[in-house]
Amino acid sequence: MRKKIGVFVCHCGINIAGTVDVKTVAKELSQYPGIEYAVDYVYMCSDPGQNMIIEKIMEKKLDGVVVACCSPNLHESTFRRAAQSAGLNPFECEIANIREQCSWVHKDKEKATEKAIKITEGVVEKIRWNERLQPIKVPVTKRALIIGGGIAGIQTALDLANSDIEVVLVEKNPSIGGHMIQLSETFPTLDCSQCILTPKMVEVSKHPKVKLYTYSEVQEVSGYVGNFQAKILQKPRYVDPDKCTLCDECSQVCPVVVPNEFDLGLTGRKAVYIPFPQAIPATYTLDIEACPGVLPIACGKCWDVCEPKAINFDMQPEVIEEKVGAVVVATGYDLYDKKNMAEYGYGKYPDVLDGLQFERLLSASGPTRGKILRPSDHMEPKEIVFIQCAGSRDPELHNKYCSRICCMYTAKHAKLYKHHVHDGQAYVFYIDIRAGGKGYEEFVNRSMEEEGVLYLRGKVSKVFEENGKLVVWGVDTLAGQDIEIRADMVVLAMAIRPSSGAEKLAKLLKVAQDSDGFFAEAHPKLRPVESLTAGVFLAGVAQAPKDIPDTVSQAGGAAIKVVSILSQPELLHSPLVARVNKSLCTGCGMCVEVCPFSAISLHEDKAEVNEVLCEGCGTCAATCLRAAIEVKNLTHLQIYDMLGVYLGGLR
Amino acid sequence: MNKDHEPRIVAFLCKWCSSAGSDMAGVSRLEYPPNVIPITVMCSGSVSPIYILSAFNLGADGVLVSGCHPGDCHYIKGNMYARRRMALLKELLPYLGLEPERFQMSWVSAAEGVKFTQIIKDFVAQLKPLGPQTYLRRSL
Amino acid sequence: MVKISDVRQEAKRLLEKGKVRGVVGYVPGTRGGWAIPYLIQEAERAEQLVWDPTCVHNLALFVVEEKKEQAKQKEPDKRPLAVMVKGCDSRAINVLLQEKFINREEVVLLGVSCENSGVVDRRKITHLLHGQQAGEIRFGDNGNIVVVVNSERRIFDPQEVLADRCLECQYNFPVVFDYFYGEKIKKTPPAPYAQVEKLESFSLEKRRQFWEEEMARCLRCYACRSVCPMCYCAECVVDPISFAVEPTTTAEEKAKKIKWIEKSPLLSENFVYHLVRAIHLAGRCVDCGECERVCPEGISIRLLNKKLEREALRLFNYVAGTDSQAPSLLSTFQETDPEDFIW
Amino acid sequence: MKDNPYLPQLARIVTIKEEVGGSRPIKSFRMQLLNGHRFDFKCGQCAMISVLGKGESMISISSSPLERDYLQFSVLKMGRVTSALHEMEQGSIVGLRGPYGNGFPLEQWTGKNLIFIGGGIGLAPIWSVLQTALRQQNDYGQLSLFYGARTSSDLVFKDELRKLKDTLPVYLSIDVEEPGWTEFVGFVPQNVADKKPSPDNAIAITCGPPIMIKFVIKTIQELGFQDNQIYTTVENKMKCGIGKCGRCNIGPHYICKDGPVYSWAKLKTLPQEY
Amino acid sequence: MEKILKKSDLGKWVGKLSAFDCYAPTKENDHWEFNQVTYLDSLPEDYTQVNVPLKKVVLPNREVLFNFEDNRNGGPHIQEVLPEEKEVVVFGVRGCDARGVALLSKIFSESSPDIYFERRKNQLYVVGLSCYPLPGDNCFCLSVGGGPFSTQGMDILLSDIGRKYFVEVLTPKGEKLVELGWEFFAEPNDQDRQDRLRREKKAQEMFNLEIHEAEKKAGVLHHLFEDKIWKTESFRCLKCGICTYLCPTCHCFDIADELASPVPLQGKRVRVWDTCQFPDFTMHSSGHNPRPDKSSRLRQRIMHKFLYFVETYGEIMCTGCGRCVSKCPVGIDIVNILNRVESHEG
């Protein structure tokens, strides 16, 4: 029997009824073939409205319901739930959007009504062929993989581990801690970054539910939500952490000195080294790139002096497989490459620093033990210029986005500078001040008012060296005059970029990146910690620039999202997935090639869909030359019939 | 030629960007001509060329395919495949003498209600002078 | 020059040894000096094989047909099929390999050189001979074509008699083969897309007129589709003349089959049929030109396919049938694909 | 209008009865012409049913020509048209043209015993003969019916068959055992072989799937039936119904006009293209 | 009735036939087709044979049978559509094509006459043109009951005898046409008659293709249903419709509903050419196909023409036009096949 369909036309107060003659829509539809019942009502989404739908489904024995109302993004689930409570399969209920796509954008009532009728009729045609589908059930591995051991990754790991979920935390550097461990003090409270982070680092490393892989990289992730398999490459450290006593003998004898990443090149380190004293795991690492060679052993001095015999040149890279149910990407950021900032002399003049280098100067554990000294001559800078938006908010030349944290840390830098150099003068070039966080505005104001930092609104055009001074040419747009400052030091609030491995990681996780290279969230407002790939979540700056409190909040958010998946006995996956008509399939494999989710494979010369991986995008359907594959409930026939209604009848 | 002809347009809108963008136009109460009937598909990558040809065959005066901007695709890269397919169709149709204005592709993000509105306005405006599409239209 | 005796000998050997289940090649036809495709299954028949400019057919088609035929057999003969292939045939084979319709082991390819020439256009020959029957047509020197009429030997310039597709072709020897006969002489056509470009230079109105006249003639005999090795679908999307119906196919599935276009030879339906076919052949058509040759109404179907061939090259730097390992034109993309047409 | 053989007359579906459910459903439709005209036909003839917009399908008439109130068609849901027909409701309008074909030569069978042997939906064409013979029982000898289907629920005319048992021998069968089934289990030809109907003064009328017909004929030949005592119907794809569209021929015969009813004596001389 | 028409008067005569739609062979690209013409001064000298035979006039590729609609309230409605009432004269029809229409009448005019064919045929006036020289290398009409000067199915036969046509007026329809331009027609003399006869005789000697004893083929084919020739010959068959679409006697068609609008339902039932060479032609909706392969379909085409039709109507359903031989893209040669099956006799 053909389906008995009911049509429910919503007035949405006057939102729809103001432009669309809803009575006419209901009347026309009631005469449409196969329509058992059609009615209009003032607010379909209200309880009485929903109850009416439920009652009519039962009374008229409907097996299809079309609600002509607002966008399906809003009330589709409302009405599907209502239909379900009346015994219908949720896929027997569809929304015809006659508000956002009709009543709200048209004025001519007659034409809008005509269009609303067409839209609704089209959905009626679609629903005729809708299948009753059941969600696909997927088992769940109750473990999570977190990629990145900065504050975002650490916080997510702790929140998850404390929720009794096993965590695999992967960090590519020898130690966890990320950029936060490099910072001196944090705005707006000026508490010491290391002091608040190291307890968390210790906690995560000791937590029985956390498996920590440092000096490791995720190489491959296959599978799907609830059931990922990750391959993790653990690079050889050539030092056995269990034996290493942190005596530092090896480092002492090591003849190789390379720039120290932790201090952003402001100091050097040896080929065998510990990144910083509180590093976790607490062990040395032999940097094979810098070492003269372990195979054959070219130097071996470290091995000679190591009493506990912790040095082991035979260590090999190891690939570890881990099964997890969810993945959190917390890969943080890199600073914008200095190559791009030639106009400010960054990279050319040693006294032009970036924000992180300045942090190291400020840090008690830093190269100058917390004294602000010029790298070139170890003199205390008396005039210092901070340049905000270095590489940010510059769509023509650099990055179009705002890096969000620079206003605040520049204010902090200027303030701390004043704390160190009381007689010094700090200038800040800014476009405008963005201090949206709690206590931030006050913090910036204090910098300006209490510390006497001179804020200049305008851009710096050029920085060059002249007679041992850094000449800063800029413009004060408020005063409308050109400015020249002869400074001892320039600090650039460099833009932050997605970390260097982000692109590769995005590919292997099959998650999207936005146009700036940050990981794309599923919805900018409503799903900010989810990626578009089910089971992959985002935390911290990997998703977009943000400060520590926001990062920690998002990390917590990501953790709860993971929990909400992993706490279920099994996952439900949308059944709107592709299906192969095997009698038409010739096994050409073009669908396999185009599938963004690797959900299709060939078996015995026919395509086969992994329904759990399939997201129902339908790219395969448009690629298949034989119409042998299509997405359930949005088939070629449904499209064709909709076209037929939209274009066929000449009313 | 009938200059007063009201063009009939079918717009294939991807669910995540362009359909959401058209919703945004609605939310913002932007006005555009009622000539376009949207068909929401999951992804512009799912729009088969035969849909477009069929739409013309069934009497459409214009067909719009709209997807997410490159890099923004909800399905990572469905729109990239669409771009290729539609590039060929865009070349082929005028080669056969169908006015190139009748088939259009656009990128409209979920936030671009204004852009969506402008596209529909422009599309309708460029179709109007062409009159009805009779070339591929089935007349029994 | 291809020594046909070598081809015959190899075919004979393959058949005698039972290495292949048959040899698809050309044998003399019954009317005039025109070759026909033939499936040779007895070794002694290999002597009948010919190779001359009347061997117009794309024998890759018969690989497809035989594959389907074998699939229907209860006990399929799993031995490979030997096929004579010229340049375009071999490219078609490559597309079939690329689309995994066949495996390389299923065919033994007897590649033949087009002798720096190509196959002839029957219409051109008929026109030149004023209706006289050609007794024999063979390759001459320097790409010339020798036509014997009433035992008189006439030599034609390739430009006069070759099929358009051959004049525009740059693959005059096979790109994939197991055996190869004749010389590999690289040929570069002066203007491979001259006809397409000419049509493009017309006004929209004139192009429209041109195609309307072409399409109005279509009888929908489907010879173009039937002769195309790429049209191997079990069921054509636009207009089934063969339904893929199996005993398990339900009534609903049959009722759901879409009639995208009507069977009537209406202008609009003819257009959509040919358009969909052209789109389906984008990046797959190897310009063997068979569709146009067989069309009883002489519709310029090649001009359609050739257009998309050029766009595939121009926009995406893609040439069909040259690499059986690469992804197909439309199952891949590049970040840099043009998008200036997009609003 | 009458002289245009392609023009259907409109008819109303007056009742719909679901005979068989499941994945191969069968429904019986009773129809009346809208214009009140009579639709004269012979047992075994067919009519072309149009579902406007979907097309036509040739269906045998399962009611008796003596039934003046309606025409009955029992339709297996099979393709586009029959699916559309199955979706129709009581009161819906369809097109009808015909009747087509030769029909059974009932006039030659007076006084003879008629043995009906049907399988599945194949009971429909012979049902018309059976109903006619029942109404004119005095004209014929003993009537008997063999009928089988895959399962008990695949049997058509269940209610009628139950009643029929009071008037004549009805031998039902299903292919495989089912709980509660007390009658024969096995294929129709086996049931026939089991019951051994006598060929004396008898005509066997059989219709069903081709494979069944083949074995029924073999079986009853073994029982002594001559070729001219065996009648069957054949089916091919049809479009025009009047022997012009060139589709349904077997040799020089067009089933739509020269068939569908054949004696085995005739059918065996024709090529096996059905 | 026999007449003489000067070639220079042809145009004048045609000018008198303004009440008719006139069709004549015109050249499209490199082949001839019957197209409507507004004037006709002469029949082209190089005219050979049209591509699509005369049958297209009586059995067009698409014929609307009726319109139907179902507006929501009124219920379905059917509106018969018949061919336009317009008389048509076709000039330059070759004997094979005219015979084709005559043979088609046997099918379409007998039991349950086909009103569409009937009407179109009744409105059709065939002005034939005898074949001297022969239009094509593959003509074999002489073998199958026709001939270069065959008059079957014609109303008038024109034979070129130099500067004038020898006109044979064969039917009352032909007389009607001649009467409309009676002033241009003269009586033939003996020389004219001899010229015509001489040419006919010469034409008959020009054939280089024949089916040996075609009339006996039915008897041979009768035994060849299971012959392997069908398989070997059909190997190269493309399953296209060329041989049948271009055949003067092939008449298979499909009936289909075409929709202008699904809702409200509005459309036409049409019949369109179809061919026994298409795979799904005989396929049951169950998927069963009594003619499942190319060999059974090739067999059907030949059997139909040389056996089944002969059994029913006593004539061969082939007029020897040679199109299927010339136009088959893969050289399937019905004449060759039939000549080869000779040996199977007995």
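Should a chain be cited, it is by its letter among A, B, C, D and E, assigned in written order, with residues numbered from 1 in that chain.
Operating definition for what follows: contacts are C-beta pairs under 8 Å (C-beta built on N, C-alpha and C of every residue); 3 or more make two chains touch, one makes a residue touch a chain.
Here the structure is a predicted model, which means the values were calculated and not measured.
Across B-E and A-E, it is A-E that has more C-beta pairs touching. With centres taken as mean CA coordinates, the chain nearest to the overall protein centre is B. With every chain reduced to the mean of its CA atoms, the largest distance from chain E is reached by A. The centroid of the Cα atoms in chain C and the matching centroid in chain E are 31 Å apart.
Centre-to-centre separation between chain C and chain D, using Cα means, comes to 49 Å.
Chain A and chain D have Cα centroids separated by 68 Å.
Each of the following residues of chain B touches two or more other chains: 49-50, 54, 77, 81, 85, 138-140.
Residues of chain C in contact with at least two other chains: 237, 245-246, 249, 254, 260, 262, 264, 266, 330-331. Each of residues 594, 623, 627, 636, 640, 644, 648 in chain A touches at least two other chains.
Chain C meets chain A in the complex at residues 99-101, 232-235, 237, 244-246, 249, 253, 256, 258, 260, 280, 327-328, 330-332. On the chain B side of its complex with chain E, the touching residues are 138-140. Listing the residues of chain A that touch chain E in their complex gives 31-33, 121, 641, 644-645, 648-650.
Looking at the complex, you find that chain C touches chain D at residues 250-252, 254-255, 257.
Note for the complex: chain C touches chain E at residues 29-32, 34-39, 57, 61-62, 69, 123, 127, 131, 133, 217, 219-223, 225-227, 240-243, 245-247, 249, 254, 262-266, 290, 293-294, 296-298.
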